[in-house]
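Pasting the structures here.
Here come two complexes built around chain A, the first alongside chain B, the second alongside chain C.
Now for the complex of A and B:
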C-alpha cells in the first residue's frame, strides 16, 4: 500500500467518522392536476431534508403541513424549496391547501 | 391548516342535524404570489376561523372572510433575512372593492397573529356576496432598527410596496 493510498484512506475514514452529517440529496415532488407525485416521500430520520416542489399547475399552491411546521407558497409553473428539519421516525402529512381535496401527501421519516 | 371542529359538532353532523356543513377552517386562493423588494407577498382568505381576542373592528360571521397576507423573505433578501423568514413589524393596509358595487368599499389594517400554519397578518372583512373583487395591499417597511456600520450594516428599507389582485368570491378552488 503506497503512502498516497494510506493518506487517502485515512482521509476517507476521518470524513466518515468525524465529518459533518451528509445532507440528503434534494427530493423532487411534482404537483400536477392538484396531486402530488410522489405522494409518499421517504426521508432519513434525524437528518435535515430538502424538497424541491415543482408546481406544474397554472396557479399557485400552498404547501402546508402542521406536522412539519411548514408553509410555503409556490407560484403556478414555478418551483420552490421546502426545508424539512430533522424528524423523529414517523409519518408527517402535508397538503396543497388551496386544493386539499386531492393535494395530499405524507413524509415518512425512517 | 386550521381545524376547528368540536366533538359535539361531529356528533350533530353524524345525526344530520348540523346547520352548516363547512365549519372547519379552510383556506382559499386569492392570487399569485408577488415578488417585490426581495419579499414574497401572498394573499389568501380563510373561512371558519375563530379568534382570541378579536382585532379591534374585526368583522366576523357568515358573510365575513379572514383576509390574510403572508409576507416572507425571498431567496436574496437584502437585509440578511434567510429565505422563508416571516417579516415582523410590518404595517399592511388593505382595500377591497367589488365590481358593480360602487357603495361597497372596505379598508383597514391587517394585524400580526399566529396559528397552526405560522405567523401571518390578517383581519376579518365582511363581503358583499358573490362576485368579482379587487384587493390591494400597501405594505410599509418593518418597524425595526437597523445596524448601519460597515461590517454589520444592512441597507435602508424600501418605499411602501403596493400589490393588487382581482379574485372571485367565493373561491371555486378545492
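Now for the complex of A and C:
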C-alpha cells in the first residue's frame, strides 16, 4: 500500500514537474586525481540545476552530500547525472566518499 | 588502511544493525539461521553483480537508473517489513504462548522468514555493493598494498560485526514478553526510515519534484554524516534536513503499519473462543 501511494505520488509529481525541471542546461564537474574541478559550483538560488559529473579517474567514486541529499556512485571513466533541487541561498558541501581527503567541493546557491 | 577500515566498518555496521534486528525478531523460530544466511549470501552475490554493472545501471532511465534501483529495493524492504509485522501481529502471540501447537504455524512462519530474508538481502546488497566498489577501487589503484587492504577490510568487518552482535545481545537481554513489542517497534521505525530514504532517492532521480525544501535543520546538533547520525539514519531514518516528502513517507509507513496491525489483531479477537485469553500475561 505504501508502494501504491509512492507510485501514485510518483506519477502525479512526474507529470507535474517533468517540463521545467529538465529545462536547465547541465553544469559539468570533472573528477580527476580525486579532485573536483571546479570545486566550487555556483547555481541560481531557488531553481533546480543539473550537474553532469564526469569521473575522469579509472576508479569508481561516490558523489555524496547530505546537504544536497545526493548519494550517487559514478563508475570509473563514466559520468553521472546529479539533480539539485531548488536551494535557498547558501553553501552546500559535497565530497567523493571514497577519497574524501582530496575530493571535496561546494555548491553555492545565490 | 585506516580509510579502508573506516569505510568498511561503516557499511558493515549499517547492514549489521538491520540483520541484528531481524535476528532478534525471529528469536526461537525454527530455521531462521538458514533463512538469514541465505538472505545475506544472496545480498552479497547481488552486491558483486551491482558493483560490476554500476556503470551500466547508472546510465539507465536517463541517468537515474541507480536512484530508481535504490528506491525500488528500499520499497521492497519496506513491504517485507510491513508484512512481517502484520504476520507477527496475527501469529506471534500464540506462537510464544503455545509452543506445542507451533508445527503448522512455523511452516507458515517460513513466509515471514522469507520476507525477513529479503530484508537482510537488501541491506547487505546496498551496503555491500559500496564496499565492493570501494575495495576494488583501492585494490586497482595500487595505492595501498594488498596486505594493508585486506587487513583494513577484515578489521572493518570484524568491528562492524562485533558492534552489531552487541546490539543483538542487548536486544536479547530484554525479557521475552517485552522482546516482541520491542522488535515490532524497531521494525516499524526501520521500515519508516527506509521509506523516507526511498522518497529521497525518487527525488534525486527526478521522478518526484515536489516537497523538496528541507523542513528543519538539525545538522548543528546531530550531523547526519557523523557516526551517531549514520547509526540513527540506519535505525530510524534520521536525516538532519528532512523534506516534506520524506516526512510524509515516514509518517505514512508508521500509520500504515499500526493500522494494519490493529486491524488484524481486532479480527483475531473477534473469533477467538475466549477473549480473556488475550489478556493473559505472557509469563
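Operating definition for what follows: the second predicted complex is superposed on the first by the 86 of 110 C-alpha atoms of A that agree within 3 Å, B and C clash if a C-alpha of one lies under 4 Å from a C-alpha of the other, contacts with A are read in each partner's own complex, and residues count from 1 in each chain.
Just so it is clear, contacts are C-beta pairs under 8 Å (C-beta built on N, C-alpha and C of every residue); 3 or more make two chains touch, one makes a residue touch a chain.
Since we're looking at a predicted model, the values are computed, not measured.
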- Message: Touch test for A:85: chain B only (first), chain C only (second), both, or neither?
- Response: second
- Once the structures are superposed on A, label A:98 by its partner contacts, choosing first (chain B), second (chain C), both or neither. both
- chain B or chain C, by number of chain A residues touched: C
- When the two structures are overlaid on chain A, which partner does A:48 contact: first (chain B), second (chain C), both, or neither? second
- Message: Touch test for A:39: chain B only (first), chain C only (second), both, or neither?
- Response: neither
- Task: Kindly list the residues of chain A that each of chain B and chain C touches, one partner per complex.
- Result: 59-60, 62, 66, 69, 71-76, 81, 83, 97-98, 101
- Task: Would you pull the chain A residues touching chain B in the complex into a rising list?
- Result: 59-60, 62, 64-66, 69, 71-76, 81, 83, 95, 97-101
- Once bound in the complex, which stretches of chain B touch chain A? 1, 26-29, 31-33, 40, 42, 44, 70, 83-84, 116-118, 173-174
- Interface with chain C, chain A side, in the complex: residues 1-3, 5-6, 9-10, 13-14, 16-18, 21-22, 48, 58-62, 66-67, 69-76, 78, 80-83, 85-86, 88, 97-98, 101
- Using the touch definition up top, name the residues of chain C that touch chain A in the complex. 3, 7, 51, 54-55, 58-59, 62-64, 66-67, 75, 78-79, 82, 129-130, 133-134, 136-138, 140-141, 195, 198-200, 202-210, 212-213, 219, 223-225, 239-241, 243, 245, 249, 252-253, 256
